[in-house]
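Two complexes come next, and they have one chain in common, subunit A, joined by subunit B in the first and subunit C in the second.
And now, the complex of A and B:
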């Protein structure tokens, strides 16, 4: 399965991935209109320290602790992508506590949010991958 | 000094309607021009720090930024232009020689822009390169003067070592140190994929790049940095650098601050020591001396590698080239006064040397007249900006061209001319780890390949239009050129007729 992989060697910590992620979520056509005056809450986040930076988002683990721990069955795995059913989520945050990568976060709409690989976008390529200026975030199939 | 007279040269214009304060401009500016003011949730900019490299402009996701020349003007004066006034102020503050990066930007004539190409009509019909074969392959080096046969009448192979290229273009010398490891990797990988050559410059060859040896020209310059037998034998050709178009008559100086780690190892000099390339080669004061170095290098490489001698285009370039053609060198590279550099004294860059078009035409003519044109191939550089410049250079008599500025632009260079600060925001002319990672060779090398392949298509189109199906038939074919707006003297030096003639 194609996944989002991050190569910290090329990550510049520019955080454009965070903004493209947030923009994609708004379904607007113009980024300025979509994100002007808004504090974004993206599903991918840059971690950086001492000159090293990399983007963290859901890894769609094979044996996903978040899915196991979800008390309502809101998190499920479909074709190896972990999806969130917002209707069923009760914001208990068990998934947030159990995710070892810190890739799940609360949101404003009464449900948690996480990367779903932009499965609903027209191009099928995640927005963070498309927006990364240095190929530090790639969407590809890897063995093992 | 507390007071500076210099007003910022550029102004960063931010469209506050479009700025979403994502702060990418702030994170990407090594000059720290942009700043986020958290209290008022606003981006601000210190224009005096802006070098106009366009990194922020290119990365701004909402196109909220643009850079303009600042409108500040001194009192109108046809003699004392603003540039001269600013330079006086700068030198009065610093007491130093003015430094510049990249090529001569001043308003001298560009002869390539005053030359037009021919096309076939009715007779000698044009060729469609999409339908018919079109040869762009070339071979560089000396040609034997006569055919030799053995006692049985069979041909003796007396062909000197030659370079074979898929098209008449090479990446010219840029040292590892002046540009980053990643920039070198881009050039090396692109040269290999394109079937052309790149040039190490005077910085030695990093161990990782020995694998690209067949596509590498190794340079020997006045500082002799990084030169050893393995290095010489790894390259496809050896270039002796006598001069550089951007700074004829002077040497080079890579500050000790940049001589760190791999760069120090590759150059074979201690960390932190300045890498000073003297103006002359201290063992070359005549063509005879040059001949000794040419043959020393041939001896080391068992006469298997062509030797290039690179000179800057200066006033008596024809006589110098004539000497080089008799020195045993296989190829002469001539670098015009527009040629680029990482750092040069501004006055030298802007006032020394001559245009490459004139140097090329007169060298080719002189070598023909003296019957020694076949002794050498001629490679020209010094602002080949696009494919038509290449076609015109070949028709003027060049065998091949060198490009470097255009190659760096493919990698992201925006000609901000601040290479010498070492803070290249595009990761090219820098050794700072956080900046050099901005140039991912996977992207950079592909952009170079794209550029050169695009030029190859255009060259084929132009040749086809002239009814010519191989570079060989274009070489020195000055009848394919016409001057426009040139006087008799210029036309006679270029050896071309005026449009309409």
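And now, the complex of A and C:
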């Protein structure tokens, strides 16, 4: 299955992936207008220190501890993609307790947030990948 | 192949999904003495408070039994005949099986308090029916006394504070949430709950109930209208008593097999930690093996994620060893480490990326392979070595392509 992979050495730490992710969620057409004055809470996050940076988002694990541990059934796996049903999430954060990558975060709307690979987008390519200027995140098939 | 599952909660559903990973054709029957579609037990306090409707309690989508070709039967299983591979039900039926899963969960532990029988309005807090019972007692303008300041007692308290006239929680222990918090951290949560209107009476020994009054050992008297018993839970293992090895709960091996051939057990009924993730994972493992697969699991860590009135708490492991502490603004964190390993942690308020800590405990990651000060500050992948990061974020090909030994 295609996943988002990180080429750490190409990452500039520009955080465009974070902005494209947040923009994708707004379903607006103009990025500047959509995100102006907003503190974004993207589903992909840059870690950065001493000139090293890389993006972290859901790995869509085969053995998904978040899905198995979800107390309400809000997290599920469909065609290898881990999805969140916001209606059924009560923000207990058992998934945050379980995720070894720190790729799931709280949100303001009463449900957790995580990358769903932009499965609802027309192009089928995640917005963060499309927006990355340096191929530091790619969407492709790899082993493991 | 005929699979019989006793219980209809997380462990049972895990087993169904495990069996169906293996094949679509085996017969699956679920027996449950709760007459409901599979629901999420932890959500009963949300139902009680009115935050969630009954249908939002469903643990799986409404077509789950149909989609997975599961026959559901509402009955209480009374006896297992392991020699003839039969289970006897309270409606007179008997069912045969090729593989049997005991997923009967836990039951309330009720200490033999003197005079308990004289209390008219009392209940435990473990099931949908308990919520219905509490609602029927009419919480409005009632004084509720909850015995037990553990997870279940406090979830109940949270669920009723808005409705009841007053809520008092009593515990024998000197602190609340003693199964997941150390003393200092328990004070933070206690204060928060007190601000929300919950009263606590700790280090208190209940001596005697007389109708609507509890007398403590020190002779203090507490009047109440409704009593909720949340002292603790015990594995509901009686179906296998005298048949399979039972310690505290049913003993299972890493394949979720009991000591009796073709009988499996999963979830709260076993010796493991009584949390939903453990129920699902052991259930799934049992299911895969019942259907002829070969799945093994390791023992699950004690761990917990819970929130009360918006204050979130995540904990895992045990609390021995040296302590790293962070306590500022509305954030409290303690890491417990020893012999180069992380033993456990407590996070209150800011729980971001807690799972990275959980994985350090689970994987027994040697702390000297990490940037320890950095990971103490906050959980982050940056604290791992380059090759570890590449593997975590890049998969195996990435590692082969880019891995260069450090010189």
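Keep in mind that, in the parts below, the second predicted complex is superposed on the first by the 143 of 144 C-alpha atoms of A that agree within 3 Å, B and C clash if a C-alpha of one lies under 4 Å from a C-alpha of the other, contacts with A are read in each partner's own complex, and residues count from 1 in each chain.
Just so it is clear, contacts are C-beta pairs under 8 Å (C-beta built on N, C-alpha and C of every residue); 3 or more make two chains touch, one makes a residue touch a chain.
Every value quoted in this text rests on a predicted model; they were computed, and no experiment measured them.
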- [ ] Evaluate whether subunit B and subunit C can sit on subunit A together after superposition, giving fit or clash.
- [x] fit
Open item on the list: Touch test for A:54: subunit B only (first), subunit C only (second), both, or neither?
Closed with: second
Task: Partner with the higher number of touched subunit A residues, subunit C or subunit B - done: C
Open item on the list: Looking at A:134, would you say it contacts subunit B, subunit C, both, or neither? Reply first, second, both or neither.
Closed with: first
Open item on the list: One more residue to check, A:19. First (subunit B), second (subunit C), both or neither?
Closed with: first
- [ ] Please indicate which partner A:36 is in contact with in the superposed arrangement: first for subunit B, second for subunit C, both, or neither.
- [x] first
TODO: Check whether A:9 is in contact with subunit B, with subunit C, with both or with neither, and answer first, second, both or neither.
DONE: both
Task: Lowest C-alpha to C-alpha distance for subunit C against subunit B (Å) - done: 14
Open item on the list: Considering only the contact definition stated at the top, list the common interface residues of subunit A for subunit B and subunit C.
Closed with: 9
TODO: Quick one: which bits of subunit B touch subunit A in the complex? Just the residue numbers, please.
DONE: 17-20, 22-24, 27-28, 59, 61-62, 64, 433-434, 437-438, 440, 442-443
Task: Footprint of subunit C on subunit A - complex, ascending - done: 3, 5-9, 47-49, 52, 54, 56, 59, 65, 68-69, 71-73, 87-88, 90-102, 104-106, 142-144
TODO: Note which residues of subunit C are touching subunit A in the complex, please.
DONE: 10, 14, 40, 42-43, 46, 51-52, 56, 58-61, 276-277, 280-281, 284, 303-307, 312, 314, 316, 351-356, 358-359, 362, 374, 379-382, 386, 389-390, 392-398, 402
Open item on the list: Show me the residue ranges of subunit A that touch subunit B in the complex, using the header's touch definition.
Closed with: 9-10, 12-16, 18-20, 23, 30-32, 35-38, 51, 131, 133-136
